[in-house]
Amino acid sequence: MVAYAWLMLLFPLLGVLVNAFFGRRIGKRVVSWVACSAIGLSFLVALGVLVGVAGSKGIEQPLFTWIRAGNFRVEFSLLLDPLSALMAAVVTGVSFLIHIYSVGYMAEDPRYARYFTYLNLFVFAMLILVLANNYLMMYVGWEGVGLCSYLLIGFWFERKSAADAGKKAFIVNRVGDVGFALGIMLIFATFGTLQFSEVFRRAPGVLGPAVVTAITLLLFMGATGKSAQIPLYIWLPDAMEGPTPVSALIHAATMVTAGVYMVARNHVLFDMAPATMTVVASIGAATAFFAATMALVEKDLKRILAYSTISQLGYMFLAVGVGAYSAGMFHLTTHAFFKALLFLAAGSVMHALAGEINIMKLGGLREKLPTTYAVFAVGAAALAGVPLFSGFFSKDEILWRAFLRSPVLWLVGLVTALLTAVYIFRALFVTFWGKTRAEKKLWEHAHEAPAVMSVPMLILAVLAVVGGYIGLPRLSLVEGYLEPVLPAGHIAEAGALEWVLLAVSAVVALGGIALAYYLYVVRPEAPARLSRQYAPLYTLLSRKYYVDEFYMAVVVEPLRRVGRFIAELFDPQVVDGAVNGLARLAGVCGEGLGTLQTGRVRSYALSILVGVVIILGYFLLR
Amino acid sequence: MDAIRYLLILSAVLFTIGAAGVLLRRNALVIFMCIEIMLNAVNLTFIALSRQLQSLDGQIFVFMVMAVAAAEVAIGLGIIVSIFRHRATTDVDDVSLLKG
Amino acid sequence: MGISHMTATPLETVLFIIFGAVAIAGALSVILARQVVYSALGMLVNFVALAAMYIMLSAEFLGIAQLIVYAGAIVVLFLFALMLVGGRRPAEQGRLSPGFAAAGGALAVIFLAEIAYLVARMTGVAGARGTVTPEAIAQTGHIQLLGATLLLDYILPFELASVLLLVGIVGAVALARARRRSQEE
Amino acid sequence: MNIADVQVVSILPQMIMLAAALAVFLADLVWKDRKGIGLLALAGALAAFAAAAGMLAGSGAPTFQHMAAADRFALVISLVVSAAAVLALLISLDYVVRVELPAGEYYGLLLLAASGMMFLGAATHLMTLFLSLEILSIALYALAGIRTTDLRSGEAAMKYFLLGAFASAFLLYGMALLYGATGSTYLAGIAAAVPQKPADPMLIGGLALLLVGFAFKVAAVPFHMWTPDVYQGAPSSVTAFMSVGAKAAGFAALVRVLVTVFPALYAWWVWPVGILAVLTMTWGNLAALAQGNVKRMLAYSSIAHAGYILVGVAAGEAGVSGVLFYLMAYALMNIGAFAVLIALERAEADAAGVELARMSGLFHRRPWLAAAMTVFMFSLAGVPPLAGFFGKLYVFSAAVRSGLMVLAIIGVINSVISAYYYLRVVARMALAGPAEEVEPARCLGLSIGTGIAALGTVLLGLYPTWLFNLVQGTLAVLFGG
Amino acid sequence: MNSAGFPLLSLIVFLPLAGALLVLVWDKRAHASIRGISLGVTLAVLALTLAAVALFRPAEAGMQWEEHLPWIPTLGISYRLGVDGFSLFLLPLTALLFVIAVLASWKPVGSDEASRSAVQGYFFWLLLLETGVLGVFLALDLVLFYVFWEAMLIPMYFLIGRWGGERRAYATVKFFIYTMAGSALMLVAILALGYFAYQSTGAWTFDWQTLRGLNLPWPAPLWLFAMFGLAFAVKVPVFPFHTWLPDAYGEAPTPVTVLLAGVLSKMGIYGFVRFGLQLFPEGLRTAAPWLAVLAIIGILYASLSALMQKDVKRVVAYSSVAHLSLVVLGVVVANAQSLAGVVMQMVSHGIYVAALFLIVGMLEERRGTRLIAEFGGLWKPAPLLGVCFLIAMLGAVGLPGLNGFVGEFLLLVGLFQSVRAYAVLGALGMILGAWYMLWTFQRIMQGPAEGRNADVPDMRGADLLVMVPLLVLIIILGVFPNLILGPAGATIDALVGQAAAVAWLP
């Protein structure tokens, strides 16, 4: 199966081509069959590869030479190793489920074929990112998924907010990508190659500490863009303008984790740059915490999930930042399951209530949407880290490894875990419990999603529960599987401390749930009082720390103002004015000379005599 | 002072008077007369030099200049009279339709 | 200083000075006269004075030609023209623009100064002494020498001069004939 | 030197022109057909052209008693002048009838002027120089004023005459000084004497005044003031001819004097000539920018072109062939441009020349005429691949070769300025809507003249080699003979 | 090395001229057959250029199919053509864009009735322009090059001036004078170079091969480069010589804008390499920091300016300035990657910018305006238009997998190797580029479609015919850039070797 790995790319590509060119003619049924089967087949191949590469160090499959310019040679070639296989399997698997879900969710949309084209294109790009054997190809996938993200966020482009969000996502990502690109250039300048295996092989020999720090920081800059970390996370909440399955797939389960994957992929370099590692871990922790605080006061269900995603990505970076790559990858996997699940459930809510997403206008939905409620609860529990749910294990491993590195990081993680439990259960309680606040008409029409949507949710729910067991401490399936690529390193033998920490986080998670229960079920008037009491804090949180405004005022507006100055004043008046002024000057000179031409013979004679006197004088006195 | 220098200076003075007259007078006829003065001044130079150089070239040059002057007078007076017919003026400053 | 073989007797010198002064006076009266007709008379004086000098400079033929062509024909033509255009009126109604006059005068003075400088600094009139010595003139006769040179060595300029006169005639005719035609219409 | 030295054959083209002029005068007495007389003149000019061309093809450089040479330089000038005469006559055929010019006098004077120009190009003696200059000048004075019904024509003649006579007095003075300084009136004799006393003020002064005289003739700043007025006031066909012929002859004389007589004083005259060139082209181009009258604009443009040619003159020996080439190219394109103006010139209103507005939309009414004008304008602007470009290329390359890079730079900048006003004409014709419906003249002679000029301008651009070869050889003869 | 053999290049250059003359003598009312002739001729030229590409011997770095005939021997001017890996792909690009331009001119071009009906003249000038452009890319004699370079202004003058928009007269005169002014000094430099050849070999020559071998006394290479460079800088254009561009691009009819941006701007880049880098490497080296500063200013300045333009055509015009400034920067540092990027980006930019201008033309045709504020939501009524715009825009933005990326990235890699700051500043252009392009796209294609925007017709057959080849190329060249980099490789290596022979940037 490994030899046919390229099929993984081919199927989605075929799906793209078929749906792009014939999508509007072949009908929605065929479109969805084409799209889903493409990804399904791709998933099967991925599973095959997953099994096939187990235990191997990695196989490279060159397809063709892409760019050759002097010694700058880039092959289009696949790297198949446990890391990429795991990632590919997660990507295609989750994608497959979400494709199926989308068949139901998007059933009424007029741009049905386009939607699936984009979605297939996304999988294609994501697989290129994952399977790349060199930086530039990874960059291709990297920007490719960015494009699909842009297109899908702005899928309903008639809404200005959607178009804005898409553009914002692309541009903010571009900022990160530029860092990534510069990192690639630095790598090329240092190693003369862009192939992972070559770079990693030579890295210990040729890299100085400054260069490796620079390289890794630049790469990490790319990761902050794609994975929505501080300071470039601002695009992700807005990205919720896209269709919900897209949020589930791209902005929760797959694309945004690319940064984590990239860091893991480059662990050789990152391991050599302790300073960068500190930065990565700190930014991860900080992002995890701040995003969680913002999620606390958010009223938009999808945005709560978006902040949650940012926060969980922060966890992952915390993990890779402390060197726990497989822990990061493990959390990435479980997160993919439960966050996709949460989004799909949210989508189900929207589907039922004609797109209503403000949790303050929902409530009491558990009677109308029992399945959705159930899977949401599973997802929430997994996210909150309720023991025995998948998130519990992966998060715990991260906290444990963070503790080994620095108790401060651990403490931040722990607090975040508390906040996580609070905000997600706040969302759960406000949405599904109590009395409804929805409009009557909507409420009456609310209905459970069709099977095509609920089945994928159920599958994901199962995965969200059991997904954690592949990485149970001491069992460590993930770690073991990734061992050939990500050597676990020498970790201190887990002692009693690990169990204590496990217990602490379990308590914290349950405590958070309890707190949420108290605040939103027992004393529903309390949150409002609190928000009045701590008004400044509340405003700060609800305005997302004014970061958007900050960027607007410090970056966007000044640039626009400079642009306007150039476009409307400087360019036409000064630069072009100089040109036109020169022309006008010549014209004025011409008219001036014309006035010397008086028409009078004597003045002409005078001019001749002037000439005579000057020339004669010159010749005589020379 | 040598005789030749005296003669050359004399003709230069005459030439300059003629040139000044061209600038200072507005009557076309007078301007033309001034030009004739200038030509005659040059003629004087030629004759003096011819004598000095003991060559006839200068004298023959003066002979040619006389022919030129005759032809110029024919044309010049024709033009001036022609203009006078149209405009009733011989003031060159009045003849300035063309300018700019 | 260069050689000068132009030797003058004191009488000749005095005559040169006198004729020179007359010539200058004539020229000045051309540009200073209020009426055109006086200008023409000044010009005549100038021409005659120069003719005298030519004769003194042993260019007798040209002296005579000067009297005939200039003092005779040309001045008469001027007077004819003057009659046609009404020479009795003052030449100019308005006054000269003072700036222009000053500029013109200054330029004329500078020009004169330049020529004077030239004459003063010249390295003498050059060349080997020519063949037309007083002896040669005495032997062949002035007019004969001149005629031979003109018609042998200078036949082309001579012919060109005749072409030139033709041009003058035709040109004058053209201007006059066209005028006549326009008057007829 | 005796009568046996007279080689009449050496002045054959000039003699043909003179003979044609006499024939025209005689024919005028008995024949009232203006067009017929014009054709007679045309035949004469063509014969002169053929004679010049034939002599160029032949060998030997006979002189007429060292008064006039038939060297290749002179013959090329004859070629240019007779070509200009042919074109001018072609475009006059209809014009003379239309504006009622006296045919005999007009054609005769034109041929006489042409012979004067050709003599000037051939002159190797101060007297021939002076007399031929006067022949062409006096003929042109008369021609400028020949449209006696028009005030402007008379005014042009008067200005031209007074200033021309004024300037030739200086020229004559210069000749006198040269005679005094060297004792010779032969150019060869003067040339021989120059190295012996190069710094004699009399010699230098003579050179300066000679320069002034020719500078007036070629309309170099500041001796150019007559040019716009005279060019505008004179009948257009006359302007066409004199702007080209007189310029060619004037430059011929200037080049011959400077390059053959005063090569030893190159260092003395290179910068005066260079500065004249700069002033001339800049002044001409800037002033042309402000003109709304095409005829007057072309007058200023002709000043500017004199400036470009002066660049070639300043280059000394190296520039001689460039100057000749330029003169030929200029003859074609400038007469062509005037031909188009003549076609457009209709009523009394146009007596002062065609206003720019009248050119509007010519492309719609007379596409070929407009196309020809476009060719002339682009060529005058120096856009390749037209004749004007190679003229500039040639003179500027000579300047660069003589170390006068500055002149070349100022020259090219000037041609950019000039492009603006030439383009304005094209823009009027091509880009603006049609003006009032006055049908431009249709006349065979005019069409042929315009066509030859346009074709020549294009061909001289695409394959300038033959003319390059022709003018290239002149140098050797100029110095060898 | 001589004119023996099949004169392929002459045929390429003069076939359009023959076509132009044929059009000129054709019945001027037979619009359809005039268009047909033009299409046939441009297609034939395209076929010939593709044959040139196919027959090109990629392993050789030197000139191929050289033709050499004396033209003006007295001045050492000859008719000399040749093509190497650097100029090779400019030929099919030029030929293709002329085919596209002819197709895009199938509907009457012009803003008034008179010019719309003047089909004959339009195609005459168009074909003449093609001869001029191809001549520029092939001429190996400096005077011949200059002749083509300048001669091209005449057809351009008429094409903009007669068939352009409202302010066409102003725009065309400005274009003409500005570019002529820019190249004026180049003529002097060419002459000076000829004279240097004269001094060292005793004969005037303007032969590019010979002049390359000259040992010029310092500082001649510097000022000669400056004089040449000004001409190229105006043509590209490099800041601050760019102000003719928005006017000319804005006023020219769409097919002509396509040519201006797609082909004519490449002449400047081409010149910088062929007559800058290859003739005066020392001059370029010394001037490099200054040129680099101008190019970087150009990138940022034009990008910011594009951001705030109100007219969509001007947005694309300024984007072109920004992109080409990066290419100039690539010429400045002149290493293997940057020069490969130059070659790649010249072709790529030509293709995507052509597509963008065609789309602008379609927008204008549909709505009668180019003001961005007037548009909105067009993607809904015109989905194909939206997709085509999207692909072209993404090509311009440099999305990997599309052609714009390869060139841009190679350029940046090259810059990074030489002067890291250049790469960083150049990369800022990537961000700004995405910004203004996406914003423009958003304001035109996205959002609600109101008023007249609601029923804008989508692209039809003819529109697709001109657009699809370009879009296909955008993708193909993005995926298989070696189609270009391969044959150009040997030449680029040679160029790099030559550039490396002089000590380069710090």
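Points worth noting:
So that you can tell them apart, the chains are marked A, B, C, D and E in the order they are listed, and the count of residues begins at 1 in each.
Here is the rule we use: a contact is a pair of C-beta atoms (placed from the backbone, for glycine too) under 8 Å apart; a residue touches a chain by one contact, two chains touch by 3 or more.
Just so we're clear, the structure is a prediction, and the values are computed from it rather than from any experiment.
Graph distance from chain D to chain E, where chains that touch are one step apart, equals 1. By C-beta contact pairs, the most connected chain pair is B-C. Taking the mean of each chain's C-alpha atoms as its centre, the chain lying closest to the overall protein C-alpha centroid is E.
Set against the C-alpha centre of chain D, every other chain centre is closer than that of A. Centroid analysis (C-alpha atoms only) places A farthest from chain B.
Averaged C-alpha coordinates put the centre of chain B at 64 Å from the centre of chain E.
In terms of their C-alpha centroids, the spacing between chain A and chain D amounts to 78 Å.
Spacing of chain B relative to chain D, judged by their CA centroids, is 26 angstrom. Here the CA centre of chain C is 30 Å from the CA centre of chain D. For chain E, the set of residues that touch two or more other chains comprises 177.
Chain A has residues 583, 594, 597, 599, 601-603, 605-606, 609-610, 612, 616, 620 in contact with two or more other chains. Shown for chain B are the residues in touch with two or more other chains, namely 8, 15, 18-19, 22-24, 26, 31-32, 49, 52-53, 55, 60, 64, 67-68, 71-72, 75, 78-80, 82, 92, 95-100.
Pairwise chain contacts present here: A-B, A-C, A-D, A-E, B-C, B-D, C-D, D-E [touch as defined]. Residues of chain C that touch chain B in their complex: 1, 4-8, 13, 16, 20, 23-24, 27-28, 30-31, 33, 36, 39-40, 43, 46-47, 50, 53-54, 57-59, 61-62, 65-66, 69-70, 73-74, 77-78, 80-82, 84-85, 87, 91-94, 96, 100-101, 104-105, 107-109, 111-112, 115-116, 119-120, 125, 127, 129-133, 145-146, 149-150, 154, 157, 161-162, 164-165, 167-169, 171-172, 175-176, 179. The part of chain A that touches chain C in the complex is made up of residues 602-603, 606, 609-610, 612-613, 616-617, 620. Put simply, chain D touches chain C in their complex at residues 1-3, 6, 11, 18, 25, 64-65, 67-68, 101-102, 105-106, 108-109, 112, 115-116, 119, 125, 127-128, 131-132, 134-135, 138-139, 141-142, 145-149, 157, 177, 180-184, 193, 196-197, 200-202, 204-205. Per the touch definition, chain D reaches chain E in the complex via residues 321, 364, 378, 383-385, 389-390, 393-394, 396-397, 400-401, 405, 408-409, 412-413, 415-416, 419-420, 423-424, 426-427, 430-433, 463-465, 468-469, 472. The touching residues of chain D, counted against chain B in their complex, run 126-127, 130-131, 134, 138, 141-142, 145, 148, 151-152, 154-159, 161-162, 165-166, 169, 172-173, 175-177, 179-180, 183-185, 228-229, 232-233, 290-291, 296, 352.
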